[in-house]
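Given below, in the form of C-alpha cells, are the structures.
After this come two complexes, each holding subunit A, first together with subunit B and then together with subunit C.
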Partner chain A sequence: MRVVVVGGGPAGLAAADAAVRAGAEVVLVDSEPWPGGQYHRGTPQRVDSRVRHLASSTVWAVEGLRLHVRRGPADSPHRTPHVLDADAVVLATGAHDRVVPFPGWDLPGVYTAGAAQALAKGQGVAVGTRVVVSGTGPFLLPVAESLVRVGTQVLEVLEANAFSTWARYPHTLANVGKLGELARYAGVLGRHRIPVRTRAAVVAAHGDDRVTAVTVARLRPDWSVVDGTRRRVAVDAVCVGHGFTPRLELAVGLGCRLVDGFVAVDATGATSVPGVYAAGEVTGIGGADLAAAEGAVAGSAAARAPEPPIAAMRAVRRGRRFAMALVAAHPVGGGRHGWLLADTVVCRCEEVTAHDLDVALDRGAADVRTLKLASRAGLGLCQGRVCGREVADLAAARLGHPLPDADAFHRRPLATPLRLGELADTPLLPEEDL
Partner chain B sequence: MRYPDVVVVGSGVIGAACAEALSAAGAGVTVLDRGPLGAGTSAAGEGNVLVSDKGPGPELDLALASLRRWPALLDELGVDVEWDAKGGLVVATGDEAAKALLGFAADQRPEGVDARVVTPDEAHEREPHLTPAVVAAVHYPQDAQLQPVLVTKALLAAVRRRGGTLRPGVRATGLRRRDDRVVAVRTAGGDVPCGIVVNACGPWSGEVSAAFGAPITVLPRRGVILVTAALPPTVRHKVYDADYVGAVASGDADLQISTVVESTAGGTVLIGSSRQRVGFDDSIRVEVLRALARRAVGLFPVLADVPVVRAYGGFRPYAPDHLPVVGADPRCAGLWHATGHEGAGIGLAAATGRLLTELVTGAEPHLDPTPFRVDRPGVLG
Partner chain C sequence: MRITVDGEPHDVPPGRTIAGVLIAAGRSSWRTTRNGDRPRGVFCGIGVCFDCLVVVNGVPDVRACLRYPADGDVVRTQHGAELPT
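And now, the complex of A and B:
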C-alpha cells in the first residue's frame, strides 16, 4: 500500500504522518527544500524517518494514480525525473496569495503579503522601510508582525472589511483557539503603535520605476471608494493580500469535483475520484490548524487505517465552522472593479489591460476559453495563476452573469512548466529503485 | 429570392462560415450552439490555412478555393484576425523521407500549389535554428495562419449585422418534420421554425445527426499542442517534418505524431501535433507530450532549454474516408451537413461556407461538390 502525499505544509505533513502510522509506505513530494510549507517557513519541521521525503520536487503531470515528478531546484538544468505509482494520493497543494489589481499594482515594490512574509520569515529580508499592508483577512496581522520583526516600519494595516463581523462568531473563535493568536498579533501591532483601519484599502500605487506612494481610501461595504476620502501616503513598499487561491491543477487534472472553487471532499477527505484524497487549503481556506487536522484525517483514510482518527475528525468539524465564518467575514467586494482605470494591467504576464478585456468582451467573448484567446489574459508564464480568478470575476461583472466555464482557469494539464528537453527525456514508467 | 429561414447548429468556424455565406445570400439565419459561441474545436487549434499537407484530390481543390476566398472574405469582414502569410517549410532528415517529400511536391505543383524545392543551405537561411540534419526541404509560400477564435467571432458578427440571431447555450435536441421536410429544430427552449437546418457540429456532428434521425458517421480524433514561454524570434515559418502528410492521410495507428513548429504573434512557440483515437477522452497522456517534445527538439535543438508552459487539446472531426462532408442529407429534405474537416477546418471554412450556400440556393457551385456528398460509403447510416 503506497500513499503519495503531494505538498509538505501542515496538511501534507500531518497526512504523511498519519499514513505512515497506519502502516502504509509513504512518499512525500514537496516543492520546497525544507518541510513545513509557507506556514512553517524558516522553522523546518520534522518528518518521520519512515516517510520517503522528495524535497525540491514538483509533480508536473498526473495520469490517474501515476505521478510524474521532477526533482531539483526549479531553475536547475539537472533535475531528475521520477515516476511514482500510488495506491492512494493525498493532495495537500495549498494555496497562494490572491491579489486584486489596482492602478500601479504591477510596479516594483508592490508585494503579495505572502511573498513579503516569506522573505521576512525565510531569509530575514525586509521588503522596505516604510510599508503599508492592505487587503482582507486575519492573515494580514501575522504578515505585519513578521515585517515588524525584521525592522520594517509598518505605517498602517488596512482591512477592507470590518472585524465587527467576527463578533458574531465569538464561540467559533474561542473554540479553535484563534482569539489568543489574534490577540498576540494585535498586541505586537499595538506596542509599535501601528494603526489597524477597517473599511479602507490601498486603491492605487504610484511611482515611475518603483512604488514611492500609495493612495489609501475609505471603502463602502462593497469595496467601492467613498468619495473625498482618498489620501496619499509615501512608502517604499506595499504588501497586499486579498485572501487565497487554491492550487487546483492536480485536482482538476485528476478529475476531482470542485464546489465553489475548492476540491469537494467527504468527512474522510475523499474526493470524487477513487483513491484521491485532499486536505488543507485546496478544500477551503481555514488556516494551519484546520489543515493539519484535515491532513491527519485524509492520511489515515488514504492508508485505510483500521481506526478512524476521532480527535482529528472533531477538530476538522470545529475548524470548518471557523473557516465558514472566515469566508463570511472577509468577502472580496465587487466594488473593487471600480478601482481599475482603462490602462490598468489585469494580466501581468501578457500585459493585458482592463480596456483590452472590455474589447474582447465587446467582440462577444463570453467564456473563459474564448476570453483568453481573444485577449491573451492568462496565456503567459503564470498561466492565469495570478489573474485567472480576477479576469473571470471582472468579465462576469461586465457581462452581468458568471462565465459558464469559470473553473477553466484551473485547467493546466502541465501542472508546472518544464523544459522541452526534460519532456523529451521523461520516462513513462516508474523505476522501482527510486 | 427569399430563402426559407435557416438554422445553423454549431457555431465553430464551419458553422460560422456557413451562416455568414447564407446570410450574405439573403437568408434569415439563426445560429444555435449548446455551449458558448465558437468555443469547441475552433478554439483548440492553431489556425492553419494550409495547402502544403494536401496531395492532389478534392480536399486540395477545396483548400485552394478557400485560399483564394479568404483574403476577400477577411476584407469584407473588416476585422484584424492576425492573418499571417508566413509560408510553410517542410523538411526531411532522412533519404527516404526526402524522396517522398520531393515526389509529393512534384505531384502538387500541377494542381496550383506553389511548392519550391530549396537546398538545405537555403532552408537554414530561412530558419537559422533548424537542425543541421536536414537533407531536403520544400518551401510553400501559400501556407498561412489566422487566429481561429477571432475569425469565428468576426464571421458571427457579420451574421448578426445582417439581422441574423446568435443563440449560445441552446441545445438542438431533434427535428420536427412534416411530409419528410424539416419544419423546425427542437430545443430545450422550444421549437425554432425553419425550412433548412445545417449540422455543423464538428466532432459532435455524429451524435447531433443521430438526434435528428439521420445519422452520419463523423468521429473525433484527439489532438494536443504544446506551448512554450514567449521567446525572441526563433521560428519564422510553419515548419513541419516530412512525415506530416502520411499522418494526416492515415487512420490506422492509434497515435500519430507529425511535427509542426511555429511562432505566434505573442512570441510563444506552438508545437503540434498529435492524432489519437481515444473517443472524447481529454485526459493527459505523457507519452503523447513526450513524443511531441522529441520531434520538436529534433527539428530545433535550441528549443530543448525552453520552458513549456501549457498543453492544450481538442477533438478533430473526421469521416472514415478523411474527406469533409458538405451537402444535403438524402433522407430528409431541408437537412444539410457541413462537417468532417478534421484538422483543416479553419483553412477550409471559407470555401465550405460558399459551397454549401451555392448548393442550398441552387447556384452554380464553384467547385465539384460530388466528393463531399453525404451519400457516400462509410458516412451514411
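And now, the complex of A and C:
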C-alpha cells in the first residue's frame, strides 16, 4: 500500500505521519528543499524516518493515480524525472495569497503579504524600511510582526473589514486557542505603536519604476471608498493580502469535485475521486492547526488505518467552525472594483488592463474561455493563478451574473511549467525503486 | 558562496534564494515585461506569479524566489521573453 502525499506544509506532514503510522509505504512530494511548507518557513520540521521525503520536487502532471514529478533546483533544465504510482494520494497543496488589483499594484515594491512573510521568516530579509500592510484577515498580523522582527518600520496595518463580526464568535476563537495568538500580535503591534485601522485600505500605489507612496482610504462595508478620505503615505514597500486562493490544479486534473471554489471532501478527507484525499487549505482556508488535523484524518483514511483518529476528527470539527467564522468576518467587498482605473493592469503577466477586459466584454465575451481568448487575461506565465479569480469576479460584476465556467481558470493539465526538453525526456513508466 | 548578478558579485548566506539576495542588496526589480517593458521583481514570493524571472547560467525563466543558487552561478536581468543561449 503506497500513499503519496503532495505538499510538505502542516497538512501534508500530518498526513504523511498518520499514513506511515498506519503501516503504509509513504512518499512525501515537497516542492521546498526543507519540510514545513509556507507556515513553518525558517523552522524546518521533522519527518518520520520511514517517510520517503522527496524534497525540491514538483508534481507537474497527474494521470489517475500516476504522478509525474521533477526533482532538482527550481526551473532548472537538469531536474531528474520520476514517475510515481500510488494506491492513494493525499493532496495537501495549500494556498497562495489572493490580491485584488488596484492602480499601481504592478509596481516593484508591491508585495503579497505572503511574500513579505516568506522573505522575513524564511530568509531574514526585509522587503522595505517603511511599509504599510493592507488587506483582510488575521494573517496580516503575523506578517506585520515578522516585518517588525527584521527591522522594518510598519507604518500602519489596514484591515478592510471590521473586527466586530468576530464578537459573534467568541467561543469559536477561545475553542481553537486563537485568543492567545491574537493577544501576542496585539502586544507586538502595541509596543511598536503600530496603528491597526479597520475599514481602511491601500487603494492605489504610486511611483515610476518602484513604489514610493500609497493612497490609503476609508472604506464602506462593501469596500467602496468613502469620499474625501484619501491620503497619501510615503513608503518604500507595501504588503497586500486579501485572503487566499487554493492551489487546485492537481485536484482539478484528477477530476475532484469542487464546492465554492475548494475541493469537496467527506469526514475522512476523501474527495469525489476514489483513492484521492485532500487536506488543508485546498479544502477551505482555516489555518495551520486545522490543516494539520485534516492531514492526520486524511492520512489515516488513505492508509486504511483500522482505528479512526478520533482526536484529530474532533479538532477538524472545531477548526471548521473557526474557518466558517473567518469567511463570514473577512469577505472581499464588491466595491473594490471601483478602485480600478481604465489603465489599471488586471492580468499582470499579459498586462491586460481593466479597459481591455471591458472591450472584450462589450464584444460579447460571457464565459472564461472567450474572455481569455479575447483579452489574453490569464494566458501568461502564471496561467491565471494571480488574476483568474479577480477577472472572473470583475466580469461577473460587469455582466450582472456569474460566469458559467468560473472554475476553468484552475484547469492546468501541466500543473507547473516544464521546459520542452524535459517533456521530451519524460519516462512513461514508473521506477520500481526510487 | 558567491554569485554574480548583472556582473556584480554577491555573497550568498546559506538558505537564501536569488530573490532574497537581490532584495537584501536593495534591488526591487530585475526583469522587464514582454509588452510594456515595465520593471518587475518579487510579487508573490512563493513561485506562483512568475514576476521575478531571471536568467541563470544562460537559462531564462527561472523564478528567483524559488531558486537557491549554486556557487559561481551567473545571474542576469531578463528582458521580456528570452530564448536559452
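Quick note on the criterion: the second predicted complex is superposed on the first by the 434 of 434 C-alpha atoms of A that agree within 3 Å, B and C clash if a C-alpha of one lies under 4 Å from a C-alpha of the other, contacts with A are read in each partner's own complex, and residues count from 1 in each chain.
Here is the rule we go by: a contact is a pair of C-beta atoms (placed from the backbone, for glycine too) under 8 Å apart; a residue touches a chain by one contact, two chains touch by 3 or more.
Source: prediction; values computed, not measured.
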Does the superposition put A:Glu350 against subunit B (first), subunit C (second), both, or neither? both
*asked:* Which partner chains sit in contact with A:Leu119 here, subunit B, subunit C, both or neither? Use first/second/both/neither.
replied: second
Once the shared chain is lined up, is A:Arg210 touching subunit B (first), subunit C (second), both, or neither of them? second
Open item on the list: Touch test for A:Leu379: subunit B only (first), subunit C only (second), both, or neither?
Closed with: first
Quick check on the superposed pair: does A:Pro417 touch subunit B, subunit C, both, or neither? Answer first, second, both or neither.
both
Margin query: With both complexes superposed on chain A, which partner does A:Arg369 reach: first (subunit B), second (subunit C), both or neither?
Written below: first
Just subunit B (first), just subunit C (second), both, or neither: which does A:Pro306 touch? neither
Of the partners subunit B and subunit C, which touch A:Ala61 in the superposed model: first, second, both, neither? first
- request: Once the structures are superposed on A, label A:Tyr111 by its partner contacts, choosing first (subunit B), second (subunit C), both or neither.
  value: second
Residues on subunit A touched by both subunit B and subunit C 77, 350, 380-381, 417
Listed in rising order, subunit A residues that touch subunit B in their complex are 61-64, 68, 77, 253, 255, 350, 363-367, 369-370, 373-374, 376, 379-381, 383, 404-405, 412-414, 417-421, 423-424, 426, 428
Note: in the complex, subunit A contacts subunit C through residues 31, 33, 38, 73-77, 96-97, 106, 108-112, 114-119, 122-123, 125-127, 209-210, 237, 247, 348-351, 380-382, 385-386, 417
Contacts from subunit C onto subunit A in the complex sit at residues 15-17, 19-20, 23-24, 28-29, 33, 35-36, 38-51, 53, 56, 59, 61-63, 65-68, 70, 84
In the complex, the residues of subunit B that touch subunit A are 35-39, 43, 147, 149-150, 153, 156-157, 168-169, 226-230, 266, 268, 271, 283-287, 289-290, 292-294, 296-297, 303-313
